[in-house]
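Shown below is the structure under consideration.
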Amino acid sequence: MSGTAYITHNELTSALERLSKEMDVWIPVETGDKKWGIQFSKYQPGKAPLLERQSTTLPKKVLFPQVETLLRFCYQKDVEDRSRVTIDLKDLEDMAPAMVFGARPCDVRGFLTFDQVFLNGLHKDPYYAQRREKTLFATLVCETPDSACFCSSVGSGPADQAGSDLWIIPIEGGYLIESLNERGEKLLPKMGKEATQDQIESAQRFQEKAANERVGEGDLTRYVRAFEERFSDKAYWRDMVSKCISCGICTYVCPTCYCFTITDEMKELEGERLRSWDSCMFHQYTQEASGHNPRPTKFERYRNRVGHKFSYFPDKYNGMISCCGCGRCIRSCPVSVDIRQIVRQLKEEAGDCVST
Amino acid sequence: MGSKTEALAKQFEKVFDDLELVIGWETGFDSLHATPAFIRQPSALGRLIWNPFCSHNLSGYLTKTLNATAQEDAKKIGICVKGCDSRSVVALIQEKFISRERLYIAGIPCRGTVDLRRLMRLKPSLKDVNTVHIEGNELAVETARQTHRFPLQDVLLRKCLQCRYPNPVLYDELIGEPLTPRVTEGQAPPFVDKLEAHSLEQRRVFWERELDRCIRCYACRNACPLCVCQDNCILESRMPKWLSQRSGMSEKFFFHMIHAVHLAGRCTECGECERVCPMEIPVALMKEKLNQVVKELLDYEAGLNPETQPPLLTFDPSETGI
Amino acid sequence: MTASAHNPYRPELATIQEIIQETPTIRTFRVVLNDEEKMRRFSFQPGQVGQLSVFGVGESTFVINSPPTRKDYLQFSVMRAGEVTQRLHQLSLGDQIGVRAPLGNSFPIEDMKGHNILFVGGGIGMAPLRTLLLYMLDNRQDYGNITVIYGARSPEDLSYGYEFDKWRTSGMDLVLTIDRESPGWKERVGFVPTILAEVAPTPFNRIAITCGPPIMIKFVLAGLKELEYEDHQIITTLERRMKCGIGICGRCNIGTKYVCVDGPVFSYEQLRHMVPEL
Amino acid sequence: MRIGVFVCRCGTNIANTVDTEAVANKALEYPDVTHATDYMYTCSEPGQQEIQQAIKEHALQGIVVAACSPRMHEATFRRAVEKAGLNRYMFEQANIREHCSWISSDIEANTRKAMDLVRMSVEKLRFNQPLFSSYVPINKRVLVIGGGVAGIQAALDCAEGGLDVVMVERESTIGGKMAKLDKTFPTIDCSSCILGPKMVDVAQNDNIHLYAYSEIDSVSGYIGNFKVGIRKKATYVDWDACTGCGLCTEKCPAKKCYDRFNEGLGTTTAINIPFPQAIPKKACIDADYCRYFTKGKCKVCQKLCPTSAIRFEMEDEIVTEEVGAIVVATGYDLFDDSVYGEYGGGHYPDVISAMQYERLLSAAGPTGGHIRRPSDGKAPKDIVWLSCIGSRDASVGRPYCSGICCMYIAKQATMTRDHLPDCNCYVSYMDIRAPGKNYDEFVRRAQEEYGVQYFRGRVGKIYPKGDRLIVQGADTLLGIQIEIEADLVVLATGIEPSDGARGLAEKLRISYDDYGFYMESHPKLRPVETNTAGVYLSGVCQGPKDIPASVGQGSAAAAKVQALFSRDTIETDPQVANVKEIACIGCGKCIDVCPFGAIQWKTLRDGSQKAQVLETVCQGCGLCNATCPPKAIQLQHCTDDQILAEVNALCG
Amino acid sequence: MKSEAASTPEQELRIVGFLCNWCSYGGADTAGICRFKQPTDLRIIRIPCTGRMDPLFAVKALIYGADGVLVSGCHPKDCHYAVGNYYARRRMEVLKRFLPFIGIDTGRFRYSWVSASEGQLWQQVVKEFSEQIHRLGANPGLHEKIDVEASLFLF
């Protein structure tokens, strides 16, 4: 192990307090009084992170805000001739450094998908790039998978450190924080004192146990062709997707869903160009001005979602599945559409497929 | 309850020849989750279940997934409804989106359905449920190891706690005996009252706090059986542009007001909008208040009589006081 | 406010220099980038598109339809349909817009060299074809005989009428058609696919490029197959709702392909290997 | 868009309390405004020229004038901008006079307000679209429904104006109620003498095509282009062949048939012609009584008919007529007096309705004009009239005054005293309503010259005593009980809408009130029009009225039709609702709420149902727009975006 | 949140009026012609009929900072389009009763019936409503950021 720090349960908030002086610290908190859900919020004094279960919404918004200003513009009228109008354009603004504390491996792994699209494509997305660079992830090893989780099925697992800078392992009395790279290393002193050997060993045992845990059945990474073959099987998609209500929950809570829309908002002479989350589950997403829609119903739309994650993406990016198995789309789905099952059954004979 | 589940399957078996498919519930990805089932083969009727986890209102599928209008030579659509769900079916018939003749309705008297998130708060470790049913004022959840009991007050969906229509108002076959409503007519909706006990300022803050969480996933809208615009909802329309993409409080407020106002005099209080909200916002509460207003003012409740016109879509020259 | 080296979302400001009313619903805008240096250096290939911004209203994608040899302006033909196009149509000379261009792929002009060419265009679909057509006129010696079939609903709906004579005198076979009879109309009458069957240009050593409304394309493709064109001899452009235009935002995919970066130009052969979701 | 703003000083009307120059300067800061100025009188000729000049000079695409109320000068300015080459809907007017300068003397506040009002107009204008009228050809034929005097008048006026008229009458003859009357008040004209020639005119006018014994089956289309299905009911007589000779009616063996024309006083034959002056004078078989139809054999008429016109196999036939306008003159029915059980109407033979009495008075009636009571044929010595039978009585659902009863009672009593000078005439009344020309004088004459005895009060009950009737009531003026022994009691039954009026209204998509009288478009200003463009009202179908009023309204309706038909096309106002089909969910709510029936279903090629606005019918109220859940239907020039633009200019 | 085009001093509030073209707009004109003095807070939007009035216009105004919203049309039975205001009055009354539930004072919304001849009545309506809005003061608006502690636990 590289650098480590130990924080007791009691010291946790004061450590976060210290960090929050230098950066925005995002922690999981209750969505509201007596609510079951957990969401990520900027740390506020006295608010302790809730680490016992997976959050409902994601820290995705830290790198990819739900609504973000791409441009600000202002029409300036010439005082002499009001028909002469120039436009003042401002784009990228400086963003504060940030840390996401207490996310789970699956939450963080989603950004590997983002990196492919936003950083490694034909064009680099400067907004994402800046945030990516300025944000650290202190990730909690996962010990509470539930019946919707399937991270191991997509090549990850409860102890997957990909994409993280710091690693949090619960041990007796508190947490052991381990740095996974230099960026993380630098922060360790601010988080707690160095861990003892006993603590390190205890953490190692915990980590190994988690690493050996298998979450989810089967392997969902080899369905590129199966999907293509199933593409035109209308009955299959009808049976799998009938119950979908075309809402955007699955995409909004998905760590790998990155689709967005761009719209302008304007008041008098000033306005901004916004980028906001969009969802491929929405009819409007592909609706053209002419009225034509290449994906007019939820069947085509859900098919595209499955295709995107398990076929198109791996086809394009060396087999990388655009799914991290967090299970949120299953857990949060109002009608319990189960993407695992839909993918798995791609390979089954027609007629044997049953949706639940 | 097992007996009702079986009765349900049997009933559909009897009439399946006339049906195109049956919409009901089946067990989902785990034993706590029921999920809507679309059954097209009589042999699969065994998948149907009925228990307090079957909270979904299936009537929305009649317009959004299927097309349950009168069509020549088309077979009927079988559908399972609870009391609240049946009102949505009636409302859809009222507004001529579906046709009674296309439906075969199995009505199920219902003692209430479970709010899984409330249940999880009480017992986060709950899993591997064998059976679940309501016994008196308790929910009995039997797992392999033991039977857990929870007071209904603590685990039912909010709408069920103020249910006035446990029995379907429209059906072809009633599965089980009719029940006595938990709340009787004339009783004010308790949660509306609870909020109204607070000051104007507090109410606004309450909604600010609740709506602040809204992520605009539109699940509340899409789950609503009476939100019939679906693909053409003005929430997303740019021409006309009612709502901006900004994510401020005003947008969130206005979004939910649009939804509520469009449902004034039409909402059947199935509570789907609230059940599906991933952020646990009590969005149905707005509609409950609107329903109370419509009841007081126009003496109307949606989804009771297939023959009537929703009151905001009609008028009466003789009415006074407004 | 750090001006990053390159922000692909940031449009270049441009000024409207000329507006041509092509048809009742189509206007052609000639715009000049405000940054003279960038204007001078600007280059593109026929078929490439640009995103035009009306700040405060939004962005929309249009094909660049000035001849690539022109270096002093960029030209876009805009049909009034949605929010952005409606606002574009209200703009006047001297008004400022934003331009992000060039984006997307282009017609395989090199591969087409030495071939006979068939253009089949309908309505606003003539816009992308015109760029390529003008390019070929400028490099006439590189291409064989050129046939253009161009149709619209009525004579008023034909764009670029002021250029028809020039096209004809430059050694092209121009076949014009409108959907229904109209007083004073001396050219052909009938839908584009029907006229295609009538004209029936042989597939010999020919490349066909077609662009127009989806329904027309569908029948033109069938018509070309009827005339025994091979898949690789047919090229078309696809339309999809686009937002970012740079392959990120996700909506314009057809399977693994993104129309905004992998398109808009596709050969029929490519299309056949893509998922059937048009 | 380039917008020009013109702020009117209106002399001092605005400039006194609004700093118009400041408003114009402020306007220059608003988006898209490229030109702004203030001017002394913008509406004046030079003012308008200034606008037109500016449009050309500054290539303006939209104009805002801040001045008086648009209700004052909107049309003026629209014309002005149109002359300068702009579409007239690229104009907005901000009301800074009536709504601003005139209602407060606070210059600062007014100026701020004027700036806001201009900004709202500018923001709205940015969403304006050029709008164009379309022109729909008018089919210059008119349908008149109902052949009573109101319908006849409308038909004749139209026909004389050269229009093609289609008249549909439910009975086998035209003439309506008036044809049954003996005399008319207050002039005691002979009813059939004044109506008869008009009926003949109808028959003889080449421009009028009469469908008697026919009803409206269906109505589709809209103003200028209605399509009407007319059900020609089976008469079992070929009217092309029938000469009206009457031989059949003489020999018909079924002689005990209910005589509708004579209100059931006396009988008629199964094949009959209602009365000698009937138009058309054609025979018609009442299948309920005809022996052939009831017993299976007879056919006497068929054997006798000199022109072989009898057609027992005849069936109802639907014909379609295309017209451009419709006049509804369906008239009225009389209240069923048997509702008042205490008077014994329909029970005691000598308690009759006023219309029956009218038939007794008529020389063409069953008694040949001699007043004879139905029970024993004796001439009555004492007759009592009871007023307000089914009028002004909420307890029987008729709270309105029928308007004619007081007058016809006076007429009948006067006539009675003429016929039978010894007969005592008593009238029980509630109030005497005689507001017409010479009406009150007429009533007074009945009382004073003819000795008709009026007493104010309600009769409580009527019962027989021997062969006479005891009429018991109170005289509320004298405060005494009254009991009259009478030979005959006449119930002055009131007016109610004609049977089937509601059903017809629904076919015509016009509305009716609680009683079934048709609703005029505006009670004061549009009393002849309905809310369905191209459908006009005439006569009692719209509400109780007497003959002169009915005739007057008949002419008024004809004038409306003539005015409509004076043009070849209808120019549609483009400020109407418009459906964006891709957003329409086909819920039909707009169709349900439209007060004008201006929206109809349209089936697309894929089978989906969409709403479609009939531009010529739409009046532009925008109710559909407010009702449409996905806002697919938008009221042009007052779209959601335009209203929201104004709201956004003020809030947010 | 309020517009800044006309720099608004504290004492002036923002009232949005939606008036039907045929009656109340005319009534307001009549009031003007008669020089009936009125408070200056009201800004009028002309609509053809109160039937055109989508309650959401009022909601939008109130949520985005209007201090008051006034809807006015023809008296019932006098609607230029026969029945528009019959629909409107139901919709407006439902809205009026609902607004306080989300924390908007019901006094900030009013609907009235004023005919084109009733200039005086219009003056009275505007005076009363403006005074009422001044009593209520400026619309407190919505908090764009929520103080987590200021919660109201209900369920």
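First chain written, first letter: the chains are A, B, C, D and E, and each begins at residue 1.
Definition applied: a contact is a pair of C-beta atoms (placed from the backbone, for glycine too) under 8 Å apart; a residue touches a chain by one contact, two chains touch by 3 or more.
As the structure is a prediction and not an experimental result, all values here were calculated from the model.
Just to note, of B-E and B-C, the chains joined by more C-beta pairs in contact are B-E. Among the remaining chains, C is positioned farthest from chain E, on the basis of C-alpha centroids. Averaging C-alpha coordinates per chain places the centre of chain C 59 Å away from that of chain D.
Measuring from the averaged C-alpha position of chain C to that of chain E gives a distance of 50 Å.
A separation of 37 Å divides the Cα centre of chain D from that of chain E.
One finds 38 Å separating the Cα centroids of chain A and chain C. Multi-chain contact residues of chain E (touching two or more other chains) are listed as 1, 5, 60, 64, 83, 87, 91, 151, 155. Shown for chain D are the residues in touch with two or more other chains, namely 2, 29-30, 582, 593, 627, 640, 644, 648, 652.
Shown for chain A are the residues that touch two or more other chains, namely 32, 34, 75, 83, 261, 263, 265, 268, 287.
If you check the complex, the residues on chain C that touch chain B are 58, 82-83. Residue ranges on chain E touching chain D, taken from their complex, read 1-3, 5-8, 12, 14, 16, 21, 25-26, 28-29, 31-33, 35-40, 43-49, 51-54, 57, 60-61, 64-66, 80-84, 87, 91, 123. In the complex of the two chains, the chain D residues touching chain A come out as 2, 28-31, 33-36, 58, 581-582, 648, 652. Interface residues of chain A, counted against chain D in their complex, comprise 75, 77, 82-83, 267-269, 291.
Contact residues on chain B toward chain D in their complex (touch as defined above): 95-97, 228-230, 232-234, 237, 239-242, 250, 262, 309, 313-314, 318.
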